[in-house]
Amino acid sequence: MSPRTPTADRLAGVVPPLVTPLTADGELDLPSLERLIAHQIDGGVDGIFALGSSSEVAYFEDAMRERILEAVTGIVAGQVPVLVGVIDMQTRRVQAHMRAAERFSPAGYVATAPFYSITGPEEIERHFRLLAEAASAPVWAYDLPVCVHTKLGADMLVRLGSDGCLAGVKDSSGDDVGFRRLAALNRAAGSPLSLLTGHEVVVDGAYLAGADGVVPGLGNVDPAGYARLHRAAVSEDWAAMKAEQERLSRLFEIVFQPVGKVGPAAGVGAFKTALRALGVISTNTMSEPMSPIEGEAVERIRTLLVETELL
Amino acid sequence: MSPRTPTADRLAGVVPPLVTPLTADGELDLPSLERLIAHQIDGGVDGIFALGSSSEVAYFEDAMRERILEAVTGIVAGQVPVLVGVIDMQTRRVQAHMRAAERFSPAGYVATAPFYSITGPEEIERHFRLLAEAASAPVWAYDLPVCVHTKLGADMLVRLGSDGCLAGVKDSSGDDVGFRRLAALNRAAGSPLSLLTGHEVVVDGAYLAGADGVVPGLGNVDPAGYARLHRAAVSEDWAAMKAEQERLSRLFEIVFQPVGKVGPAAGVGAFKTALRALGVISTNTMSEPMSPIEGEAVERIRTLLVETELL
Amino acid sequence: MSPRTPTADRLAGVVPPLVTPLTADGELDLPSLERLIAHQIDGGVDGIFALGSSSEVAYFEDAMRERILEAVTGIVAGQVPVLVGVIDMQTRRVQAHMRAAERFSPAGYVATAPFYSITGPEEIERHFRLLAEAASAPVWAYDLPVCVHTKLGADMLVRLGSDGCLAGVKDSSGDDVGFRRLAALNRAAGSPLSLLTGHEVVVDGAYLAGADGVVPGLGNVDPAGYARLHRAAVSEDWAAMKAEQERLSRLFEIVFQPVGKVGPAAGVGAFKTALRALGVISTNTMSEPMSPIEGEAVERIRTLLVETELL
Amino acid sequence: MSPRTPTADRLAGVVPPLVTPLTADGELDLPSLERLIAHQIDGGVDGIFALGSSSEVAYFEDAMRERILEAVTGIVAGQVPVLVGVIDMQTRRVQAHMRAAERFSPAGYVATAPFYSITGPEEIERHFRLLAEAASAPVWAYDLPVCVHTKLGADMLVRLGSDGCLAGVKDSSGDDVGFRRLAALNRAAGSPLSLLTGHEVVVDGAYLAGADGVVPGLGNVDPAGYARLHRAAVSEDWAAMKAEQERLSRLFEIVFQPVGKVGPAAGVGAFKTALRALGVISTNTMSEPMSPIEGEAVERIRTLLVETELL
């Protein structure tokens, strides 16, 4: 079976990685999820990224992943495209997640390089080719060294794009120099890849460098802000883009308020705490072994929402 | 439910992490597995570690994990205890693997710290406590920073041991200084933990430092050698121990023969290639996206088997 | 003695870290240095950074450092301010370099965090305070984790700026998210620090984030390009800024042409090879144990100079 | 000039890296240094390593290095060989330190790989060859990735040994698997290198692996203990070796007593604090920007000295 052709319509713009609202006892909170998705679509997002890292996908059993996917695609109901994260250690496990997601007709699958086992560059490229062969929808590469501990090479990504194996890249590599180079190589190859940045506070710079859009965790909290930023970029109103980015960067300070927490316990925890303060979701419960943000940090997050005119 | 009490009989000695023989098309090769397990038990091992990293567990879907576990426990048939690796990203997914393994009555579960998501020290400790609460058999901590990207602290491990949450540690941290300190802290606490080293070529030093045994990937190839090494250590025949270690360290050079391969593609690939040369298993097939070792490296591996008197 | 007050005039704009032209036998090539400095000043730079990492300062004995400094300050002759790198392992050694440089009346000293020995955050802050106490000119912090293996915290930097111990930061941390946060904290504190980015290919994004200028190694080759980029930023002509950045990013590809070289052997080597092709310096000789770029890479660098309209 | 031939007599045994006793105001404390060296020689050491990392060499100006070297070699007065650390960033700076040390007729120079600038493997090998060409005494390689951020390859080290460019290796790499392989390769090449381990708490394992001796920072405190350990190893009395190592590993706990300190501030600080408690040196003063150990940690260090029968 040969690699599939990407869809004609290239995904771009604002595609927030949806957090997963949980009840106090850790179950999927459907009413909160409905409000959260309405918050996104009312905010003007261009797509939804389900089961991304911000969804706590790594913490959920397969059945819970499926429950979330069913709920998200049901609520979104085709209003915007839904990308689906298929996060697992190696090729076959990722393929299994793709098969499980197939019945929800995703607009694309988002997969990282293999992790846990040390994997060389040839195997990483083969991994993505095998995913593309097996996929019922376009495949996106998720460049996330902080979790995966390898950096995807720009040459490989553009080659996979040119070969029709990748439709785009979600770049959360924290490597702006590398992103610029990826964008240049992509342009030189006829732009086979749609390039989305995952770094909420430097989206303006990414647009200058050649990004097509953004996958902002912070977009859960303020999708309208990112939609304005994107429209400013599209219309090359760089001053408006910069101003919006400054406000959003200020808002991003919420993730630095928790004390003694790292990773998603701090970042996703802050998004949930802010969304609760905004009345969008009902709890800031996190998956075990994480604990929710409590105490003064909750108040400081509320203050930042006020300062950035969301409350 | 309170943490379970470790079994009275502490596992120690040689517990090889079994590789998974595959047919040329990637299916479980049962006849080879039978020969491989006979090779281990004839060699005098004290236990079998199923679904460890060397088994390519990260590459298999859940159904394949279960198939392997059913086959291994069926063939071993109680001749030695079987530890079961429950390798996954976060607590609930690990618990799911424990539940799936329960019907095979393992002697213990071996779990790493959470990975993929960044996880802080308090959450890592809570992770192991939650595993212990849910476990039907003793839990072992698997310290493997090269895959998991965190190092388990000695203080935490001994505390978890004293609280009955951990029965032992498989230390593949590559940190001999830390291992010595772990052994000293464990002794000072009354030795709640059984300590197994995972580093095949420095087992003699680990025994001096206080190891109770070894989980040698290379033991797949030469279980009898590790059994002799262990008996020499138990009888404090340090000269014999050192001599056996020297031969095994020479044998370990097989993992450095492949060119252009890293991680399990090189290491596990070399074990399989050697086992094929010894007539124990039928192919050296590796899971996708890895490819098997071919060409001159195969011949160099054979030469090393001759030099170390295995062929 | 209390920390000194930064000069009233804040350094900003384009401050290239000057490479050191060498004769074929490794001596300072004065005629080439004269042409190189003229190339910079004609290009419209706002300052010169002498003895930065790009100067090969780490490779030179103290006497050579002094020779370079004497030559550079003599040739510059006050046309633009000269910052002086005082690169060494720990506080006293850095102070010794400051004393040796004093007679050349530098506009400021640029110092990294301590390196080689592991140093904690309190000691790093004390290091900069001790440097400020001993300095005859403003001190700049050089954030360069790739060489120094610690990242300078934004809170510490702004605190040192507010206390008059630091005049600015040269940020080569590769952390654009951190830079944005540093810029925001600095602004909130009344902008005590001048912030210069060291990343040649994402200067436009850095300006959006709040940079005051740039220290571009590539500016050795094309100072006029960076001067145009800076002027576009100052006049908020973002479209012109982006266009100039694109051209310079294309030019930066010269550093990826050498095969089998890393670090300054590739990067500074490419700058020297390009400057030789432009007729500015006479050799592309590098300090031992580095070797100069030879073979096809030289031709590919020339081609890139043509493509970017420098040749 | 061709590389020099190593001296006939190969250095082995216990070679402590001497700490530098300082007066309260940071000057060299000569009376303490005399007592410290007498403590070493009375303890039965086989050599002294001056200006190693434990000496705080990275913190001293060149004049202070020379002062220390003059004092140490004067006091040792040929009773045992003196190795001299020549720690600096790149080849020429290291060569300058060798020239400065030449008049003290050292038994050898100890040099790391280049640091600060990123340096590739070919350049590292060339670095050591250039040092050997310029050296008036045998050169030792100091493998110290925690400071230098590269690991020296075993193949390269043995090749340099066989070519007469290196007399030995001080291995502080923390990689016991790599050390075993280095020892095996060295033996296979006719043992051109003398191999000294720098890891105080696993010296027994290193002797099993093939070490010729040890460079123990902790040997400053208890040289007699390490001399006993070495003699036990030489006479293959492995039980006595293990017992002595256990006591010394217990003593090493002094480095974990300081709170909020890392690197030499903790480790060397603990050695000095212990030596002060033993009456060998007068202060536990550390070089700026480090501060001395104070408070309860001092008492805990004293308790450990009592427990290990040194007080």
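Residue numbering begins at 1 within each chain, and the chains themselves are lettered A, B, C and D in the order written.
The criterion applied here is as follows: contacts are C-beta pairs under 8 Å (C-beta built on N, C-alpha and C of every residue); 3 or more make two chains touch, one makes a residue touch a chain.
In UniProt terms the chains read A, B, C, D = Dihydrodipicolinate synthase family protein.
Everything numeric in this text was worked out from a predicted model, so none of it was measured.
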{"item": "Contacts common to chain A and chain B (chain labels)", "value": "none"}
{"item": "Higher-contact pair (C-beta pairs counted), B-D versus C-D", "value": "C-D"}
{"item": "Chain of greatest Cα-centre distance to chain D", "value": "A"}
{"item": "Separation of chain A from chain D, taking each centre as the mean of its C-alpha atoms, in whole Å", "value": "50"}
{"item": "Rounded Å distance, chain C centre to chain D centre (Cα mean)", "value": "35"}
{"item": "Contacts with two or more other chains, residues of chain A listed in rising order", "value": "none"}
{"item": "Full enumeration of touching chain pairs", "value": "A-B, A-C, B-D, C-D"}
{"item": "Sites on chain B touched by chain D in the complex", "value": "174-177, 180-181, 184, 199, 201-202, 204-206, 208-209, 236, 238-239, 241-242, 245-246, 249-250"}
{"item": "Chain C residues touching chain D - in the complex, by the definition given at the top", "value": "53, 58-62, 64, 87, 89-93, 96, 114-120, 122-124, 126-127, 130, 146-149, 260-265, 287-291"}
